[in-house]
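Structure first, then comments.
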């Protein structure tokens, strides 16, 4: 039975369609939903809706649900529709009438946002740790091979001298800037939605700052309608931020695929990182890099989905917003995985210093020749034209 | 053990990452993979690679796999990586050395495309049947309420007289044009890739037209490199085509959400199609329509993913293309579901003819007044200005 | 003065914003708008609204506008807002009351669609001619260098033997399939919208098939609401179709950038096709190819804009749809330009047959070695494993 | 003559295609390019490349160019290709050999990024001012009508009581969060690229912090390759940030279109903000709101274009990146315009308090009835079920 259900049962096909993947998706949110529910229950005690012993019972049972979920033993049925219903039904089954009180002063609208934002906060931390590990891998690469020179490219053509240090450091600094974006994204989502109901408040005096503090939010999101309108919007900033991590990995993957073309051979992956072909026996393919490259596009398409889906709608919740859960969760998992895999790639990367040096052919140094003339007082453009004649 | 595997085992993390969701996704393709394999095996007999009794054994076992898959009893392990490997290993386990011959004259590259295109052909048929049913529902609606008039809107403002017939028929005709797009998409994918190997042919005389005919393709895709380059490309036409069905459903959903706003009340959904709120006891929400509306965006984001992912790559297969399977399968399932659900919606739609008639207020007829003057010989623009004064 | 204008003038800022780029964009449509207006005027005579001499005067003046527009001497002011208004005002200025009759039995809604579709038809023809020329260039390349072998790549790694013929032919066949998509797109837009007004018909007996025939449409789009609902939708099929041409050019550009990396050197562009660097005197850059590669993304973003913009809206015209003009016109111009430029690229491409041959190293032939064993009766998978040992 | 040009002239068609819209686009950047060039020239003096009198002459002439550009009197020809060339040629024409020295220690790659980032900084300020003005308009609306109650909607159905204050404040707070995103975007782009050349540094001792300070950058972007790799990337964060402003305006536009449907009539636009129809004399259409709604999609498609275009490329500059200029400039102009127009809309909005009050029908208060029971000690879910029976 659903939380809102009256006597009429929902048409079976309609039920199946509306419920969709929520039961599976919500399993990942149970922990955070219970954490927010515990804070909410404590607040209900503070404002006199629950008694001390009631709140203790609820907390005990909510913790048990967290434990069950951690062991993959908590289930959400299609009939239950979502995690919120499954939790309330579990509580009512275990605690009787007390379970029916937990939804006082909230709607599933603020409840799910609380769970999601707690989930986001944890995933942001995981991303940050992933970036740190990635950057440490780069540091090790620089320590081992930083001084190896090889041609820098523009337009996929040799340009000027580059080095492993310059190359690796470019990604490291970019990731540090990504951390700033993660910080801002976190600042946005670190606003407690609890106590805003379905977007138009709760007809009861609730202590929102108290719940927020207990749930671990830095501040409350004051305006109840803004809470709903920010759904999908904050998520789009999250996915955008993840896409910035992913574009760095996409570019690094493209670089490594190119640098490890045997015809160039500046770098190579160990065999344990390469796959083969079912028809061509000689092949050693960089599938791992190609998949990382491709997954950038998975992430940006999640962002696009969310940005397109939430537009042209009036203020307030619409069921459309239900479909915003999956893209952002998918984007987090993808990014975290790719950061981890690319850290392993860097740690196992072979730099072929001999091939690098051989590739430092004359034209890579053409610009330096120009500057030798500039140092002799020749105007830059004249020096440039003089040297360029050598390459006509 | 993978088909290409040599002595070096793949790093575990790398293996897990590269395999990804393929084992799950490929379960849906087993049937089509076996169908194409049966055609392939027969061709191998024709060109003398297999003997009659060998091909019979292979076909028997391939049919057994189809049967197992139909009962969800065929499995693909992560170690096996994909359905092609699982099938070959099954055959080798059951038939010994004979199983090792099935991959003669093919690569997984042409194998997977054959399976996918057979899958697409079946899904296109399902879509067409879905459209037929959808249009029959519209016909019934027209039969029951076609003559009911209600205001047509432009700019979300009353414009001129519309009717249930005009409205329903607009969608029906649009769906008929969608069928033309499906036809063209089918014409494209109805080209046999079998016998093109990994994009550069097979060093063996194969009889491609024969395999194509047995597998049910109208023609062969002549150029082996084009076969690989069309991967992702044909799929983007498929998803685009599905997006055209979905934009019609998106618009119909938007219409019905608006027409059933109680303040207008032209149409309504039965209670068994409506959901409620966990906090507001009076709510009857059109979640079903909102989800259909939202799922259009799911489909176009799949298209965008595919179009973005496959660009800026050189000719020939890349592992990036592996990720094109999921978007198109997802788009098919979504579209087929939404067609079905919207057929049910139309069949259960209530038209409130009284509210429709009441809404036919004076301004809806303003343009008709203009044309009364036009019929009296007044130049159109003067007639327009005369009548417009009544609405200043 | 605008066609709909009453006594109240529009706020200046609002006017500027709503008019936007329409005056510039509509200049490209004047010719088609007049062509459709001529057909419309003839129909108005047939149904008795206009007299013979009136229609002759109108046609003469409409042809004069076409002529002026062809010489860039027809102007649309911001005050006039769009081409339709500019045309009607021109006619009224020249012909007095007669000009006020031209808008009888139409709205700007069907008028603009007629103009756009005639414009599309012409652009589709230009695309087709562009494809023919592109394919002729490929034919010449094949004639000159088709037999030159060079390595085919998968995963950006040497795979098996390819040839200029195989490579060029892959694009040629893909373009031929693109022609099928163009045909279907044309079939869709070749439906006359004239006589459907603002989406809800005209309160006057009009002869739509007659207008359609005169304007050059194969059939009428029967349902007036469908006419409006297909706006943006048909355009998205057009842009999708153009994106299919562009993805081929994107891939060809990626190939040529890679094949002409000096380290490989299979092919090269003449110097007159290459640009340089303001700092590095030696550079010869394939900017032309990079821009073609990039412009694919311009085209798909137009498609995405249109697909996102037109969703979540109820049936009937909205001003949002005004912004669909620019993306499709931009997509046409971009595609036509790129086809032309890439034809020139192919015509001027140098194939370095010596470097191609040198690159046909042993591993490119590994698969052929496998098949030598297969021909000796060794099961494929065993043969594969035997040969693969040579590359461990 | 182009900066890199040698004896061979570029093929005319190729030149036209590669130059594209740069001459027009770059006109908007001339001022910022000259500002950065002045800082660069001063640095060249500091490191001994230029003499005091030389740098004074250059600065004088660069300021003259700024002045000319401000009066639309500075031109860039197709032959010149871009603003950088036009500036250098102007200097060389006016100052002889001295002009040939200005490009010492830079490439167009760092030059254009400096100009763009200075342009971005100014546009970000304009956006911030636009947000401040928008929020002041909301404050005035709240002062005038904040206490007016009207139904809050979820699922486009009446939910609970809202008010003009709640509604307007939701947008105001969202805009304040947008300012945080603008701050972070600014922090990213406020890194000086000057002195990094084409991505691989300058073979000369330059004083980058000095140039940065003079040009108004807070810090230098240390790594030269990162400078190039951040092109397109920083821009995507900029457009994402603008899209967050635009989604708020999109939602506000959707709200106002819905709230001003005459059937509801909660709010309305003055006639000077409405447009009409060329066929229906009674129409008063909210085109202005529809265009703002649509322009959100223009902005997100620019973001998508940039994100798709810059992927799957190796490190270092590619001409593809040239096409990133237009999307971000377009996104800035669009957002600034829409903020301004929507401020005007709010300032001129009529709130119909009578219609608002009439719409506060019984069901809007259903949740309050539930909480009356809750206050009497009835468990929430039981109270909910009791009240829900009234609405069956």
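As written, the chain order gives the labels A, B, C and D, with residue 1 at the start of each chain.
In the analysis below, a contact is a pair of C-beta atoms (placed from the backbone, for glycine too) under 8 Å apart; a residue touches a chain by one contact, two chains touch by 3 or more.
All figures in this text were calculated on a predicted structure; none of them were measured in a lab.
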**Report entry** Common touching chains of chain C and chain B
**Finding:** A, D
Query raised in the report: If you take the mean of the Cα atoms for each chain, which one ends up farthest from chain C?
Result: A
Query raised in the report: Hey, which one of A-D, A-B or A-C is the same interface as B-C, over half the contact pairs lining up?
Result: A-D
**Report entry** Chain pair with more C-beta contacts, A-D versus C-D
**Finding:** A-D
Query raised in the report: How far is the middle of chain C from the middle of chain D, if each middle is the mean of its Cα atoms, in Å?
Result: 28
Query raised in the report: Roughly how many whole angstrom separate the Cα centroids of chain B and chain D?
Result: 36
Report summary line: When centres are defined as mean Cα positions, the distance from chain A to chain D in whole Å is 24
Query raised in the report: Where in chain C do residues touch two or more other chains at once?
Result: 3-4, 6, 8, 103, 109, 154-156, 159-160, 197-198, 258, 276-281, 283, 285, 287, 290, 293, 297, 300, 304, 307-308, 311-313, 318-319, 367, 370, 384-385, 388
Query - Touching residues (chain side chain C, partner chain B) in the complex - result: 3-4, 6-8, 49, 88, 92, 97-105, 109, 152-156, 159-162, 166-167, 169-171, 173-174, 177, 180-181, 183-184, 187-188, 197-204, 221-226, 228-230, 233, 236-237, 240, 243-244, 247-248, 250-251, 254-255, 258, 293, 296-297, 300, 304, 307-308, 310-319, 367-368, 370-371, 374-375, 379-382, 384-385, 388-389, 392
Requested in this report: Can you check the complex and tell me which residues of chain B touch chain A?
Outcome: 2-6, 8-11, 13-14, 17-18, 20, 84, 103, 106-109, 197-198, 270-273, 275-281, 283, 285, 287-288, 290-291, 293-295, 297-298, 300-302, 304-305, 308-309, 318-320, 322-323, 327, 337, 340-341, 344, 348
Query raised in the report: Residues of chain B touching chain D in their complex?
Result: 154-160, 257-258, 261-264, 276-287, 290, 304, 307-308, 311-313, 359, 363, 366-367, 369-370, 384-385, 387-388, 390-391
